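Some notes on the structure that comes next.
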Amino acid sequence: MTMLRRLIPAPWLSIGLFVLWLALARSTAPAQIVLGVALALVIPVLTARLRLEHARLRRPGQAVRFLARVAFDVIASNLIVARDVLRFRTRRPAARFVVIPLELRDPAGLAMLALVTTIVPGTVWSELAVDRSSMLLHVWDVDDEATYVARFKNRYERPLRDIFE
Amino acid sequence: MSTGLAWVDVIVAVLLVLSGLLVLISAIGFLRLPDFFLRMHPPALAYTLGTWCVAGAATLYLSVLEGRAALHPLLLPVLLALTVPVTTVLLARVSLFRRRRTGVEDTPMASAPRPTDVADPESAPRPKDSTAPD
Amino acid sequence: MEALLALVIGVLAAAGIWLVLRPRTFQVVMGLALLSYAVNLFIFSMGSLVIDQPPIVVPGVAADLAHYTDPMPQALVLTAIVIGFATTALFLVILLAARGLSGTDHVDGEQDEP
Amino acid sequence: MSLLMLLMLPFAGCIITALLPTRARTVLAWVAGIVAAIAAAQVILLFPQVRDGGVLLESYAWVPSLGLDIVLRMDGFAWIFAVIITTIGVLVCLYARYYMSPDDPVARFYALFLAFMGAMLGIVLSGNLLQLVVFWEATSLVSFLLIGYWHHRVDAQRGARMALVVTGAGGLCLLAGVILLGNIVGSYDLDTVLAAGDVIRAHPLYPPMLVLILIGAFTKSAQFPFHFWLPRAMAAPTPVSAYLHSATMVKAGVFLLARLWPVLSGTSWWFWLVGGTGALTLLLGAFIAMFQNDLKRLLAYSTISHLGLITLLFGLNSPLAAVAGVFHIINHATFKASLFMAAGIIDHETGTRDISRLNGLIRAMPRTGTLALVATAAMAGVPLLNGFLSKEMFFAETIFVHSHPWVEWSMPVVATIAGIFAVVYSLRFGYDIFFGEPSTDLPRTPHEAPRWMRAPVQLLVITCLIVGIIPGLSIGPALAAAARPVVGGELPIYSLAVWHGFTPPLVMSLVAIFGGIAGYLWLRQRQARGQFLRTPGVSRFDGRQLFESMLLGLTRGSRVFLRVCSTRRLQPQLFAVIAIGLVLALLAARGVPLEWGNRARLPPSQSFVLLWIIGMVCAVGAAAMAKFHRLVAITLMGGAGLVTCLTFAWFSAPDLALTQIVVEIITTTLLLLGLRWLPMREKVVPERDPLRGRLRRGRDLLLAALVGSGMAALSYALLTRPVPQSISPFFLQRALPEGGGSNVVNVMLVDFRALDTLGEITVLGAVALTVYALLRRFRPAAESIARPSQQRAVAVNLDTDLVSPSRDEDAGGYLLVPAVIARLLLPIALVVAAHFFLRGHNEPGGGFVAGLVIAIALLMQSLMSGTRWVEARAPIRPTRWIAVGLLLASVTGLGSVLFGFPFLTSHTVHANLPWIGDVHLPSATFFDLGVLIVVVGATLLILTALAHQSIRAHRQLAPRATTHPEAP
Amino acid sequence: MNTLLPGLMIVPLVLPLMAAALLLLVDGSQRRLRALINIAASLAGLVVAAILLWAVDHGGIGVYLAANWQAPFGIVLVADRLSVLMLVLVGVVSTAAALYAEAGWSRTGAAFHPLFQIQLLGLNGVFLTGDLFNLFVFFEVLLAASYGLQLHGSGWTRVRAGMHYIAINLLASSLFLVGLAVLYGVTGTLSMADLADKATLVAEHDRGLLHVGAAILAVAFLIKAAVWPLNAWLVPAYSAASVPVAALFVLMTKVGFYALFRLWTLVFPAEAGLSAHFGGTALLYGGLLTLTFGTVGLLASIRLERVAEYSVLVSSGTLLSALGMDSPALSAAAVFYLASTTLAVAMLFLLVELVKRTGVQAQAQTPDVDAAPDEEDNLDDAQLPLIGVAFPISVAMLGLAFITCALLVAGLPPLAGFLAKVALLSAAIGPNVDIAAGPARWALVVLLLLSSAFATISLTRAGIRHFWSKGGRYVPYLRAAEAGAVLFLIVAAGLLTVYAEPAMRYATATAASLHAPRTYIDAVLNARPRPGPATASPIGEAPP
Amino acid sequence: MNLLLSVASSFALGCYALASVLVLLRLVGGPRAQDRVFALDLLYVHAMLVVMVVGLRYQSDRYFEAALLIALFGFVSSAAMAKFILRGEVVE
């Protein structure tokens, strides 16, 4: 186990790299597979010390579901923000900063949260408390802050805690 | 420039047009919105759906053209999603820092303990004398 | 298109030259960088200006200049870009050293002579 | 013993003496004297061979293609000179043994003395005019060192330098003249030249050539107006004066006049130039000599006068005069050398050379006094002494001058007046020193000089007497032998006798003698009254002052010239480069009107028009902002770079687009790293002269606009021309079959033009090393040593994530998200790099882009997690990477040499592996790997060297920070 | 050239490159090893260059097809008489400089040795390459290394001079690129030999563009050759450079001249029709102006290093004027002069520092000869004793070396410098001496003589100041490496003097072949790659 | 030649170019540094889109790598600038 652990310190990363290689190579020829496996094995070992320590993906299945949800949110928000931009003169969105208390502490999870808020139009990750106990979010259009916070935590933070912690 | 399959062409065309419009709207928003934090929202249109549309179009188009699954264009939105937060997170922090430094108190702090950027906003140099770039 | 590319080259060159002639070291380094854009585009424009004919040979396509763009200027520009990068880096560091040693960012280390 | 041996002997002696102990003056004198004596004996023994017009000739090839060979040639004239040089050389060696102080480091003296003897022999034995110039300049140089022998004395320094500059410059003129002469004749060989008199005199370039050669001769022989160096050269030790400045070196000039007399003389140019200069010098030298108070100075001016006399004789265009000239050369050498030696003895014994202080010495040193008086009489032209004979011949010649009536009339008068002057100064030398009340306040108590110190003087004086009394028997044959070559082989009829009857010359002699005595008495009277203590009237002829002020003026003028014609400022230099480039390009285009070509134009694309407009706006914006808003300028330049990249991509240059992007990113980061050490905003210094500033900016703007337009026009002209018959199809055809890759650009980089790439990565490596070396000693500007204002604004005792995030071992603070993402991107970037590297040969990519991808990925880690964090985990040593990369690339290149192919020839290994199939591994891949490694190493070296400055600054600031209360 | 020797042509490139890489790998503490590698590599370069010189002189032009591609497609290395002569000069000067550097200069900053070798690579590359763009690359190699070496030791004067030097050279590089791009755009080739052929075929209405390209290129070269008024960078840059580097830099101005000489004789020979001697007048007058400037500068020079720097300008001016006159005889003289002046000025640069060590003790400071008060004559012993002051051995040796060097620099007899001057003067005056030969010829003659005279004046002035002093003098220490380096150059100059005839013959042959470039062109274009596996294997088919 | 795709891609390219011009106005006009940096970041994204669409238009897969590089590294310059504005130095 430890031997395998040392050989493949980050299995998910290795898989990701292997897929990345095949996609880049645009081929599944034997030679490319051999090369892909080699890179997927070698690179994580080489970069082991430069990676985030203790980062672990615990629930891959949930991760996939989470990403699908985010994708949906992205598309929906895109349309909303596009509409709001076009009619900005007549109706201004109720943009404001929202403080969101956090239970998520894992750096990878927090990064993922930042990533999600960034790519979902309508939210901008602005600041994280020093002790990671809360974050500041700029929101494009929010009616009720409390509702929004609850929805946000439920929709994004909880799944991420499940996945990373 | 054609796959020979009409439905593919139509889908690709629609996706391209959609992408163009989204990017244009995002740029309009970026140019016209009055506040920096407001301006940070519309660009997401460009690097999410604007890109997704093109990536989807390319994937579809190339796959049909080459007769095999050409999934590599999809790497672009993925990589973009990974990298774009770096700049936006930093820029948001920049904007907050500068607002607080110049004493604009309309931005709340994240929580207690307060991550204060400036010891005493009053004693901070005025923007005119500031050596910070603008 | 050709006229416009020529115009771009001209504007880049003019901007670069203008900066190169300025008295501040930082202006000079920016000028040299802009000038290198102009020069690279200039070399590039010596080849045939064609669209979608990269010099990557495809079996079955006649290997001549009617089907591929001229690879030579590209090879030259590639080398020139690298060398330009290196020299910009060097000039930047010199500029910093000069700044530290002379206390001013004037190219001569002193303000204009009377 | 051949002539070559004769010539080499003094030089050999020079080396031997130089190696002997420096104060062993007796040994040194013996060695030098023996060398000189052997040479003298050798020369004298050669007399039978040259007596009847025989010529000894030896030739050694040196540079035949320049016409410069070592030709040693001895005829009677050269022989008599060689005799003078060697015999007086022996005497001076002996004399110097006693003259020089026991504490003097005389090895140098004797070495230089012998070297001079060799050089002088070289002149007289030259059978090739270029060779003559060689030895000519050698005598100038050695005389410089001899005059400056007592180099701690300023007079010696100045005198030496003046002598060198005047005679050296004269030598250069002589060189030019000789080369002209050689080109007229077609040879530098003396015999050939001597046979070409008619051609030479008829040549249109004869006057300039003559003038150049004469300048050489006149400077050496101290003729007016170049005479002034000789008195100054008296700062030399007296043996040097006796040898160089009376007997030998100053005779080189008249030697040359005599040597070339057969071919150069006989024209009115010659008569006026040579005769005129001689006459002037004769008079002037004698006149000034009368008023000198320094023994050696007096002798020096007398020498000038006598040299003028000889010059005048040669200038008279008459064979008889030429014979007289030769005769006077010999006579002057004997009496003047002895006089110098006597003066040296007096100086040596009394400690002074001041005539006004020296009186009645005949009592203290009767023998020396007697000898000196005889020699003085010879100098004055008293009968029964050799000086009288040649002077008599001179007087005779002045009477028979055929020229302008005015000249015919004035020549004897001039000669007589000069004779009077000579008697006056001779009396001053003789009577003033040796007679009268003995002086009592001399630095040393005078007594007779050692016997062997007087011996050389004795010998010379005896010679004067013998020649003076029995000229025909003693000097007759030698003079005939010497004069024959000078007059071109046919001697005129002359008689060497003391008594020719009561002739006009005798009358002139008598007038001179009695007039001289009268003049002396008159002058003494006046000087006793305090008059005429300095030379009256000729101070304006003082060439020395003229020379010195000319030299000083020239030096000052040259500095002004340099200030005007050069600059230490950068902007004018850059302006000159650009402006000259523009002007030359415009001039080159002139004559052929610039026409646009007729190549089919590309259809315009609106989107690209827009993009290019963006690019241009960015470029202009960057230019406008670079002064006060550096960050903005960098941002705008990024925009311009991006548009450039898109242009490459659009116009079928994917490789360029890739490279441009990564280079752009690295450059921007680099500039930002540098920006840390520049103050954010410059103080706006009000311009001292706003109008001038505006004018300058207007001028620069105009130039920039002109160059821009020029570049645009040039590129448009070329863009619209039909493509020339380029060599490029070759690359397209061979890339795949022979280069083993379908990406032609990459195949060019690693195969067709791999040498370029090798050079390019070397450049990268060299620059990185330079940057590293420079930054190791980096000292930031005072105002940027402190932490940036953004960081200072954050109080250290506040609990904020902005206080140095690098304290966190893991990602933290405001950099948490960026750091996590950056670390995830690293493996991704490595896969991408591998992708670019491996496909580069066939598709866009390659080692360079791959290397930069890796470098950026690593840079990103430093950016987000701090350099120290990265270096603790990835101990990369960039210099090693550079070295390994360069080695790999060159070893790969050498691999082909092992197989007998040229450097960098690409080979491909083909293999068929089970399951995987055909594998092609071109050697170019290893070359490209070398490129990759160098690129990673060099880029990282530059970036980390720069990034380390911040760490250093933090470390230096750390002690200061601890004085503040710090948060836990 | 026989079959074995072309293989040697790559050594001047590979040797310094690999030496540089090795030097980077050798730990900084192993000084001896570094010094050994550096000197050995330089010396080996000299030996190889000497063999090449012999081979080229006896066997004709050597052509090396790098990467086995035929000209004009691949990059060709060409060893003709001029280029191997330059290689030999690089070898001699670099060996001396490498030796000298070990006395201390190599330790005053980082990466001296690798940069030194890279500089040699650049120089050798410039002289060997037959390809215009490759010439650019090697220019950049030598410049990149020279930037590093120039800045070696840091300090404000160095950095300021370096900044100016670099800025101007970067601009020059841009001009180089633009010029060569235009030439490529007009002729479609980069091989110099092929360029010579193609240039004759350029259509009438394109010839103006060809000339524009050549003119822009020429400006780039002229900056390197330090033509006036583009030479203001030289004096500060050279005087700021450390001693061995300054000696090496003497070769740098020769690079600009070499490039002009090579290209102009190839592309614009007398047979080039409308383009014959293109720009010759500009070169001539540029050269004369430079010569004037350098000559005046010599006179103005008080400090010895200034004399050396202005001597560089004098050589440049002389060479350019000779090139501009476009006469084989003058070119031959120029080639000989090139060799002698390079050795001479390099030696002078090495001597500057040593000579300065003879600095007189403070209380016995001798005023400048010119500025000394005009004293009354020393008639009395009381004023100053008539007893000489002995020279310590080291000063005596130094003095001899200085005199030798001064003779070489000023072109005084009997050394090679004089022979070169005679050759130049003789060629400038010409065998059919004609007063109407043109003012330029006579101007050249006058300037040549003046430069000698002024060099004599300022060298004497400097010599007096450093060697002749009123009072006490420090006995300078001379390290073996320093003395060895100077001696090495003296021996080289001595050989050039003694073997002046073969050297002159060589120079004449060099000039003759440069003025009849057909042999060069044919040699390059007719060289065929070695058939091998790469060329033999058919498309897409793997050999068994 | 499929007119539909040609028009659609031209339209998309036109939109990108126009959008870039708008972004350029922010880049030039600011008002603050963060606006400019954000604008540069956006320009990179636009450039990537342009490259992709051009590739699509010419049915070429060779433009993909350029787009890939922009997607992967386009943020580095702007991130470095952001950090510079925030901290006054890029690497601490």
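Read from first to last, the chains carry the letters A, B, C, D, E and F; within each, the first residue is number 1.
Going forward, contacts are C-beta pairs under 8 Å (C-beta built on N, C-alpha and C of every residue); 3 or more make two chains touch, one makes a residue touch a chain.
Bear in mind that the values here come from a model prediction, so they are computed numbers and not experimental data.
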Checklist outcome for this item: Those chains that touch subunit D and also touch subunit C are E, F
Item to check | Any chain that touches subunit B and subunit A | outcome: D
Checklist entry - Measuring from the mean of all protein Cα atoms shown, which chain centre lies nearest? => result E
Checklist outcome for this item: The chain whose C-alpha centroid lies farthest from that of subunit D is chain A
Checklist entry - Distance-wise, how many Å sit between the C-alpha centres of subunit A and subunit D, to the nearest whole number? => result 73
Item to check | Cα-centroid distance, subunit B relative to subunit E, in whole angstrom | outcome: 57
Checklist entry - Once you find the CA centre of subunit A and the CA centre of subunit F, what distance in Å lies between them? => result 22
Item to check | CA centroid of subunit B to CA centroid of subunit C, Å | outcome: 30
Checklist outcome for this item: Check: subunit E positions touching at least 2 other chains come out as 133, 137, 140, 144, 147, 151, 154, 159, 163-164, 167, 171, 178, 182, 185, 190, 540
Item to check | Residues of subunit A engaged with two or more neighbouring chains | outcome: 20, 24, 26, 111, 114-115, 125, 127-128, 130
Item to check | Junction residues of subunit F - those touching two or more other chains | outcome: 13-14, 16, 18, 20, 30, 33, 37, 39, 58, 61-62, 68, 72-74, 79, 83, 85-86
Item to check | Chain-to-chain touches, reported pairwise for every pair that qualifies | outcome: A-B, A-D, B-D, B-F, C-D, C-E, C-F, D-E, D-F
Checklist outcome for this item: Listed in rising order, subunit A residues that touch subunit D in their complex are 13, 16-17, 20-21, 24-25, 29-31, 34-35, 39, 43-44, 46-47, 49-53, 55, 107-108, 110-111, 114-115, 125, 127-128, 130
Next on the checklist: Going by the contact rule set out above, which residues of subunit D touch subunit F in the complex?
Outcome noted: 605-608, 610-611, 613-614, 617-618, 621, 631-632, 634-636, 638-639, 642, 645-646, 649-650, 654, 657-658, 661-662, 664-665, 668-669, 672-673, 675-676, 680, 787-791, 802, 804-806, 814, 818, 825, 828-829, 832, 836, 843-845, 849, 853, 856, 859-860, 862-863, 866-867, 947, 950-951, 954
Next on the checklist: Which stretch or stretches of subunit B touch subunit A in the complex?
Outcome noted: 22, 25-26, 28-29, 32-33, 35, 37-38, 40-42, 44-45, 47-49, 52, 70-72, 74-75, 81-82, 84-85, 88-89, 92-93, 96, 107-111, 113, 115
Checklist entry - Where on subunit F is subunit B touching in the complex? => result 1-2, 4-9, 11-16, 18-20, 22-23, 25-26, 30-35, 37-39, 41-42, 45-46, 48-49, 52-53, 55-59, 61, 64, 67-68, 71-75, 78-79, 82-83, 85-86
Checklist outcome for this item: In the complex, the residues of subunit D that touch subunit A are 799-801, 810-811, 813-814, 816-817, 819-821, 823-824, 826-828, 830-832, 834-835, 838-839, 861, 870, 873-874, 915-917, 919
